[in-house]
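Both complexes shown next keep chain A, but they swap its partner, so chain B is in the first and chain C is in the second.
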Partner chain A sequence: MLQIDLAGIKLRNFLILASGVVGSDVSMYLRAWENGIGAIVTKTFTIERREGFTTPIITAVRCGYLNAVGLENPGKEGMKPVIEYLKKCGIPTIVSIAGRDVDEFLQLASIAYESNADAVELNLSCPHAKGLGLEIGLDRELTVRIIKRIKDDFDMKVFPKLGLSSNVTEIAKSAEVAGADGVVLINTIRGMKIDIWLAKPVLSNKFGGLSGPAIHPIAVAVVYQAYEHLNIPIIASGGVWDWEDVVEFLMAGAKAVQIGSVLTDKGFEFIRETIENIKNFMNSRGYKSVEELIGVAHE
Partner chain B sequence: MVSMKNPYIPTKAIITHIRNETPDTKTFRIRILDQNEFSFTPGQFIQLSVFGFGEAPFSIAGSTNEKELEITVRRIGTVTGALFRKNVGDIVGVRGPFGKGWPIGLMLRRNILIIAGGLGLAPLRSLVHYIILNREEFGKVYLLYGARTPADLLYKDEFNTWSRYIDLHLTVDKGDNYWKGRVGLVTILLDDVSVDTEDTIALQCGPPIMMHFVSKKLKSLGFPDENIYLSLERLMKCGMGFCGRCTVSGRYVCIEGPVFCYADIKSFIEAIPEAGVEHA
Partner chain C sequence: MSTLKSGAHQGYLVDRSKEIVGAEIIKSVRENVLVKSIYLRPFRPLAKPKPGQFVMIWVPNMEEIPMSVSGFYGDHFRISVASVGPTTRVLNELPVGTLVGVKGFLGNALQLGNKKYLLVGGGYGVAPLVYAMAGIRNSHGEAQIVIGARTRDLLLFLDEAKRFGKVHISTDDGSEGFHGTALDLAKEILSSESFDEVIVCGPEPLLIGVSELCSEYNIQAYVLAERYMKCGIGLCGSCVLDGSGLLVCRDGPVFDARIYLKALRRKISKN
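For the complex of A and B:
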């Protein structure tokens, strides 16, 4: 009832672990899997090892969290062992990668491909790392080239993860035309918090990415709008805090839904409870499969 | 409106006393301003910020029945360096207490075997004070403590008092002209005591390599996994289960630790020598 076929990848359910929210240690991915997650997106890998920003890197705000972890990761050398381990455990594995240019993306994609990853998620949306993420993703022409080249060189699924922008739907459409197998919408949204007593921004990086309930309605709107223009599947990300939020995303048109910050607040049991609650909802409303839910909020 | 947990609000606090413990370690006594008490469980930690330099976690080393809090700090880098330049009367920031402390509920009326190495005695000192205050609630209590040299032993002036309530054993890696006690790693002290492995809870805190070998020895003595507890120290960045910097065996040290049952983190402790875990 909950299984989906995501661009050819079979998942036991439509809940996916969002990139970065549990760090980059495989033992945490395993724990999400044991608690019922349908697939894992790894922490974003970059070519070189990154130590990330200095503390404070995270702060709570009224309806969410602001983070500027700074894409801390072990670099391309760290990819193979993680991917191979997850695949050995039978876990559908989507590898998040971020490059500074086409060539870096190709190098990272090639490691993911050789390690038998199920797909790559292109981080074109991290709002706080210089020269990476959103700075690339806002350049529609570059985005298209990156997707085309990866699809040309490797027989692997590609899911660009796009951030909020005024023309996110058009960028998503261009990604589809370029050959993307699905799109992930959205990432955190750039924000800032100022400590008025110290009279300066709280985060060491000054700017951070806003996640959590604050961004959920925004993400729902982006997914809803994109669904009207796209034929490839949409994977939603942003502010899931309850099982109802997941159903909203599905009804807006998402085929799969990523969960992130909520795990910090509610623990890994959230995954199990969400699945249970959605099953009950579907039974009580007479939905026989997830497919019946996807996009029903559109006429 | 959803309210988020652990909001970022370091409470302002004033340093009321500083004591030199060893050449590179001091104990700071701190009073939270606008707050009449500070309640915590032994084994928990705080995030201390020195404004302008950043924030770092420190175990609470003081007593649960005192209004002020104490931390014992080794000078190692930016935050600790800045803290060492502070004087009595200066202001710092405190968040917390955080984390899961020692399993007091489980320890009541049982025998307790405490094994500490170096600075690892800090989170156990608040427990020792707690045990002394509630002595009749516990069975036999042993404290085995090792340091590099006699000069590196923490809380020396309290040993006499402690010895009246609990069975204290000391060792140093390297003695000096005045040292008459045991010389060798803390594991040798386990040969000096005979504990009832069935009814004793073992607690340890120290460098990872120490905890590796102590755990091995406890296992060979017959301790069940469920009766061994360890306090881990990992580099932390967010301290709120977010960045994943502190994880071991699928668990967050910052929010699910720092005290863990051996059964839950066995794979990590066993792999310490190969993993070359870098610090305590």
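For the complex of A and C:
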């Protein structure tokens, strides 16, 4: 009932762990899997090891979370052991990578490929890392070149993760034409929190990425619009805070849905409960498979 | 038709205790050469902390670091800070009136009841335990505490602890009370008197020692664990308890001693 075929990758359900929300320790990925997640996206890997920004790196705001972790990760040397471990446990593994140029993306994709990852997610959307993420993803031509070169060199699924922009649908369409097997929409949105007593931004990086309930309606709109123009599957990300938000994404046209910062408030149990609640919803409304839900809001 | 629970009934918006908010240092008291107690009044009132919980303290231009709550007084609370590195050294020098950022209160908590407790505190580990003693009294339980330090001038909260229950003192150099470690003293006490539960906080060897001791004596024990923390709210993964899939900031800092020992042994067998 809940299984999906995501661009040829078989998943037991459509819930995917979003990149970076539990750090990069495999034991955390394993815990998400034990709680029922359908697939894991790893924390984003870069070529060099990154310490991340100094603290404070995360704060709640009224309607979500603001983070500037700074893409902390062990670098390319850390990829192989993580991917191989997850694959050994039978976990569908999507490896998030972020390069500064085509060559860096190719190097990272090559390690993912050799380690038998199911797919790479291209982080073209992190809003707060200099020279990485969104700074690359807003350049449509560069995005296209990165996807093309990875698809040319490796027989591996490629999911670009795109951030909010005025032409996100066009970039997604170009990604499809370039050979992307699916697109992930969206990442956090640049934001800031100033504490009025201290009279300064609270994150050390000043700017952060906004996640959580605040961005959910924005993400739904992006997914809905992209669905009208794309033939490849859409993986939704942004502000899932209860099971209804997941159903909303599916109805907007997503084939799979990532969950992220909700885990801090509701814990890993959220995964199991969401699956249970969606099953009940489908039974009570007469939906026999996920496929019947995908994009129904367009009919 | 099965009943559909709307997620909207609970947790519709985010948990605001995880927001950084300004707070003023309203008092600071030197406890010993290493430790100062700092009283903070946040500009937005925070929910009452449960014993065992901690707070992230951001010293502007320095780091945001975790600190146990050692007291709560309605509109303000207390932390007790040992100067060990750059941020704690600066924090302990800040004059009254300075503003810092606070995020809290965070983490799980001790489940206290009408029971007989032995608390074991080493070094600044006594800080959360004096707050727990107040909680135990409110739950009509009985508390005794072992307060251990290297020397007598490093002993913490002796007078305050005496108000809540019997105090046992140990010093490594024998300058006051029992001559030996807090672990040695806890062993003596546990072999002659029975307790329902043991709670331990302090340096890791003490946590391990007391956990092993209690497993030997078959007494329920809890540890207050510490790991390096960058966010304090379960989103960065820096405080994983040694590859166990448990986050000290969110699943802890209070852990059942058996779970804690299992996590640490897994690390040892991996190396």
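To be clear about the criterion, the second predicted complex is superposed on the first by the 299 of 299 C-alpha atoms of A that agree within 3 Å, B and C clash if a C-alpha of one lies under 4 Å from a C-alpha of the other, contacts with A are read in each partner's own complex, and residues count from 1 in each chain.
Please note the rule applied: a contact is a pair of C-beta atoms (placed from the backbone, for glycine too) under 8 Å apart; a residue touches a chain by one contact, two chains touch by 3 or more.
Not measured: the values here are computed from a predicted model.
Chemist: Putting chain B and chain C on the same copy of chain A, do they fit or clash?
Modeler: clash
Chemist: Is A:G23 touching the first partner chain B, the second partner chain C, both, or neither of them?
Modeler: both
Chemist: Of the two partner chains, chain B (first) and chain C (second), which one does A:E244 touch, if any: first, second, both, or neither?
Modeler: Once the two structures are laid over each other on A, A:E244 reaches chain C alone.
Chemist: Specify the partner with more touching residues on chain A, choosing between chain B and chain C.
Modeler: Of chain B and chain C, the partner in contact with more residues of chain A is C.
Chemist: Would you sort A:L106 into first (chain B), second (chain C), both or neither based on which partner it touches?
Modeler: A:L106: touches no partner chain.
Chemist: Quick one: classify A:A60 as touching chain B (first), chain C (second), both or neither.
Modeler: After superposition on chain A, A:A60 lies in contact with both partners, chain B and chain C.
Chemist: Of the two partner chains, chain B (first) and chain C (second), which one does A:C89 touch, if any: first, second, both, or neither?
Modeler: neither
Chemist: Contacts for A:G212 in the overlay, against chain B (first) and chain C (second): which applies, first, second, both or neither?
Modeler: A:G212 sits against chain B and chain C alike.
Chemist: Tell me which partner A:F281 touches in the superposition: chain B (first), chain C (second), both or neither.
Modeler: Touch status of A:F281: second partner only.
Chemist: Both chain B and chain C contact which residues of chain A?
Modeler: Chain A residues touching both partners: 21-25, 27-28, 30-31, 43, 52, 54-65, 67, 69, 72, 193, 198, 202, 212-213, 241, 261, 263-265.
Chemist: Hey, which residues of chain B end up touching chain A in the complex?
Modeler: The contact residues of chain B facing chain A are 1-8, 51, 54-55, 237-238, 240-245, 247-251.
Chemist: Sort out for me which residues of chain C touch chain A in the complex.
Modeler: 1-8, 11-24, 43, 56, 58, 60, 63-65, 99-101, 103, 230-231, 233-238, 240, 243-245, 247, 250
Chemist: Residues of chain A touching chain B in their complex?
Modeler: Those in contact with chain B are residues 20-25, 27-28, 30-31, 43, 52, 54-65, 67, 69, 72, 193, 198, 202, 204, 212-213, 241, 261, 263-265.
Chemist: What does chain A use to touch chain C in their complex?
Modeler: Touch list, chain A to chain C: 21-28, 30-31, 34, 43, 52, 54-65, 67, 69, 72, 193, 195-198, 200, 202, 212-213, 241-245, 261, 263-267, 277, 280-281, 283-284.
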